[in-house]
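So, here come the structures, one by one.
Both complexes below contain chain A, partnered by chain B and then by chain C.
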Partner chain A sequence: MRKFTLKWPLITTASLLATFIFLVPLYGATLFSFKGNGGKGHSWVNYQWLIHADGFYPSLFTSLKLAVLAAALNLLLMVPTMVYLNLKGQRFKSLVDFLCILPLIIPVVSLAIGAQVAMPKFLQNTQYELVFFFVIIALPYTYRALDTSLQTVALKTLVEASRSLGASWTRTIIRVIVPAIRSGITGALFLTFALSIGEYTITSLLHWETFPTWTVVAAQQNILGAIAISVFSFVGAIALLSAIALFSKRGSQRVEVEE
Partner chain B sequence: MSKKDRTSSTLELRGVSRHFGPVKALDGLDLTVNPGELVALLGPSGCGKTTALRIVAGLEVATAGELLVNGERYNETPANHRDMGMVFQSYSLFPNLTVSENIDYGLRARKVDSDKRAKRVTEMLELVSLESKAKAYPHQLSGGQQQRVALARALAIQPRVLLLDEPLSALDAQVRSQIREEIRRIQLDLGITTLFVTHDQEEAMAISDRVGVMSHGKLEQIDKPIALYNNPATPFVASFVGLANRIPAEITAKGKARVLNQKVNISGSAEVFVEGEKVNVIIRPESLELVSESDADATRGIVALKSFLGPLTKVGIAVEGAPLIHLHISSREVRKLEIGEKIAFKISSDEVMAERA
Partner chain C sequence: MLPLLPFFIFTAFFLIWPVIAVTLRSFKGNKNEWTLANYRPILHKGPYFHAFVTSLKLSITTAVIGSILGAFFAYIIVKYARGKFGAVIDSISAVFANSGGVPLAFMFVAAFGTEGIVTKLLKDFGWDIYAGHFTIFSFTGVVLVYSFFQVPLMVLVFKPAIAGLRHEWEEASINLGASPFTYWRRVGIPLLVPSFVGAFFLLFAGGFSAYATARALTVGTVPLVPIIIGTLVDGNVISDQANLGDALAVGMILVATVAMAGYIWAGRRAARWRQS
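Let's look at the complex of A and B:
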């Protein structure tokens, strides 16, 4: 006779409960975001308000632009660094690991004010200074995503094979290493993008307007509109995550490790 | 591709050393590989053979000495400008590229015209008989196929020297033998200068023009396989190449010793022994022969072990005051021998090698 076990009922209950806790507020928010004027009936009025609100497009565009720049800069900085650390710079790895964790330890206020003072003057006066802050706060996550990915491939022999075939370092990184660690790069890209587009504290402290800071101000004028903003942000984030996951899956189908 | 496609190169290592802190991985290696020759570097793990190969490939930097290709110094030339084709133990195919793209990789890096590249890739696929796998990815191939692709990829760039770093170690016995013969066939066909590193003496002996035996970062001896086997220069070579018995003996006079109550002549060693000195003599199994028990000069023992090796069987004989002594006997004859049976044998070789005990 099959032995009765509590394992599966417990897992099922926990999963259902977690789904319930996650979905109920989302369902509620979606429902409320479609409430009409004065909370009556159902309509698109809150979404119409959102897309016609002052500052919606500029702040969204600014956030997207800064997030793309931060993700690109982060990868440009971190991919060669991580490759170097894993190939030749093992002795520096713990130091770099420690440096990359610092953004999690240092209070954001200290980081924002302190790092801004250290930034070149021409950057201090532009919103592009935020790109560097976004890169800094994403470091702990990108370091780990890339490092884990690099550990799973036979990096040294792939590099040596490429070099012995006459390839330069640039070609080796672009044609061999990047495809081999595509999943790690995608993860790092997504994390940096997500952190950048949702960053509020530093942006607010430095008095720049991005989508999160605009949202806070806009939400004070229209409570149902604020709910529509959060549903819009959530759907946008899910769409982005799915697109990246799809891209990563396609890549990983080709990038099977041979050993 | 034929021999005319490329002029073979001469590879020379002059006093090449590589030190890792206090460890001398390579200690003044002198080696010349003649044009079109296949030389194997053979030795136990840590003897420096792979370090030597990596220095030639430019993946390791020599602490001292000179590396020359056709007389031109290569020490400072970066790996990607050396024109050396290398085949690795772990295949090292690029997992995101197809077989064709892998073979094409080195040609693209050299900015070869697309027409020439396509032609070359087709030639290489034919050379390793993998035309049907051109569009396959490495993970869709067997180990043997992957290694053939790696070989084709290394040869596609028409290298000055082909470097093989234990290319057969990851393959099973049957495929290993097949790929080994294929490597030799292609090497002879192309006439390419080849340096082959292995710890497997059978592999080295089977396909090499010359074999260099290495120990502790030094080349102990380099010679044709048969010469290496029959005339080892040092006790290490004698014991590392082929099976050898190390039997305690005593020097009875200059160049003479007594072993297992038999008299033998000592040769092949630069060492000078004094009368009465305890030594070990190195005797190959085929230098021992079974004789009649009535032979007064024979050594007697008991059959302790029988290992079937195909046409020959390795027989271990327990002799008082000596380690287990091995003989090779025809498998047909060995049927008559039983474990525990008394047996008599003699040393048939005129000369044996000795080392200090």
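Let's look at the complex of A and C:
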């Protein structure tokens, strides 16, 4: 009976705390972003400033482009790697696991400094160098997402069936394995995309302009506009990550049905 | 082995090589000679030593707050939020835990800045949070902002540990005459300690390395190691030692490595009872 007396006070405390830590800043920022000129009234003026501001579209476009490339490269690199690991390369698994955890251990700031020292000049001269580092930063999450979904399918059986029916390796991966681990792939794809589009540290230390770094510069001219950008980015992130959750749920249900 | 080659080449070039390169250069002086001089300012009292102390203080404080509050939330969620609602809370936690960065900083300015919504609201209730030393751009301000991602990160990491406590264990100890208090003191809490410690290390490492939020929020008013590295890289601060930033970066790697070793060690201890 003790539990009954404790339950509601505990839930109330938790809800109040959560409101204070999470909802209040969100609510505050949203309210602020609709303030009118000189802080009076409510209007769309900050959002209008945002879409007309110098550099809004170019930086957003750069970020989108780099994020799409990073997500694509990530899959191209990691899907064959993870399939091989789970199929034949078991003895390399702990090594790959360790390499994929490293980006969590090595502070991104340190990696950025290292990149400045180590990367050849031709790479440092193009913004596309960021794509490679976005892939590195996403490795811990990609590894987890792909590994989890590969372990839920009968990989060996699928591959043997496909190969004995005469399919090549490339065809087996694209037509058999990829559909079977769709949930893991969408998860890895969206996570890499989300991480890349919000990446600030490496981008600013390597002196490139993407949407997040542009935001910081723009904030110095118009703080209300910067808050509007933040609300815009945050809502975008929530939409994106909810999409991941939705997709991966649906995908995993499919796999269960197929088995 | 052959199909793994692209992966090994990629990580060797874009992950391992930069770390080796920065480590090597941190031992080079202005005239390219081998030296330990770059590390001296970190070990002796001064602005760089102070930056490490501030960074450590910040990451320990936010890890303490994050892990305690997060563990509390995780317990409530496991106990009372099941089914659909639990799944919704899971994805919200994932969003918030990954929400560090620039937008977060500006959102908190809107809420807790001098003109912020919360600041004004609290003033109406007679509490002026700006009466004392507090500003959102100070150490305390950064702690507040970091909680926004540290708490949900703790929820994500620690929830499985609480969910893994088997109901049978509680029943067994109560059948043996234990009160709920005794159960928690003798069974529940000892079982959760390794996971808690592990999660604490993870939060510590995250808080220590975080750059974007603090950079956008404080613009250098709180001297943190990553921020100082940033100003050295941008050339805003000129040091007579060209490779000082490299030594700071290596120092950060060392601290983070110790924290992650703690995380992995605690994770192994926690796994001991979970698999049986």
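Keep this in mind: the second predicted complex is superposed on the first by the 212 of 259 C-alpha atoms of A that agree within 3 Å, B and C clash if a C-alpha of one lies under 4 Å from a C-alpha of the other, contacts with A are read in each partner's own complex, and residues count from 1 in each chain.
The criterion applied here is as follows: contacts are C-beta pairs under 8 Å (C-beta built on N, C-alpha and C of every residue); 3 or more make two chains touch, one makes a residue touch a chain.
Keep in mind that what you see is a predicted model, and the values were worked out from it rather than measured.
When the two complexes are overlaid on their common chain A, residue A:L205 makes contact with chain C while staying clear of chain B.
Of the two partners chain B and chain C, more chain A residues are in touch with C. Shared-chain residue A:I136: touches chain C; no touch with chain B. Within the superposed three-chain model, A:V176 lies in touch with chain B and out of touch with chain C [touch as defined at top]. Contacts of A:I51 after superposition: neither chain B nor chain C is touched. Look at A:R163: by the touch rule set out above, it reaches chain B but stays clear of chain C.
In the superposed model, A:S33 makes contact with chain C only, not with chain B. Of the two partner chains, neither chain B nor chain C is touched by A:V217. The part of chain B that touches chain A in the complex is made up of residues 57-59, 78-86, 88, 90-96, 105-106, 109-110, 137-139, 146, 153-154, 157, 163.
Residue ranges on chain A touching chain C, taken from their complex, read 2, 7, 10-11, 14, 17-18, 21-22, 24-29, 31-33, 39, 77-78, 80-81, 84-85, 89, 92, 96, 99, 101-119, 132-133, 135-136, 139, 194-195, 198, 200-201, 204-205, 207, 212, 215-216, 219, 223, 226-227, 229-231, 233-234, 237-238, 241-242, 245, 249. Partner chain B is touched in their complex by these residues of chain A: 153-154, 157-158, 160-168, 171, 175-176, 179-180, 182, 254-259.
Interface of chain C with chain A (complex): residues 1, 3-4, 6-8, 10-11, 14-15, 17-22, 25, 69, 72-73, 76, 80, 87, 90-91, 94-96, 98-99, 101-112, 115-118, 147-148, 151, 180, 205, 208-209, 211-212, 215-216, 225-226, 229-230, 233-234, 245-246, 249-250, 252-253, 256-257, 260.
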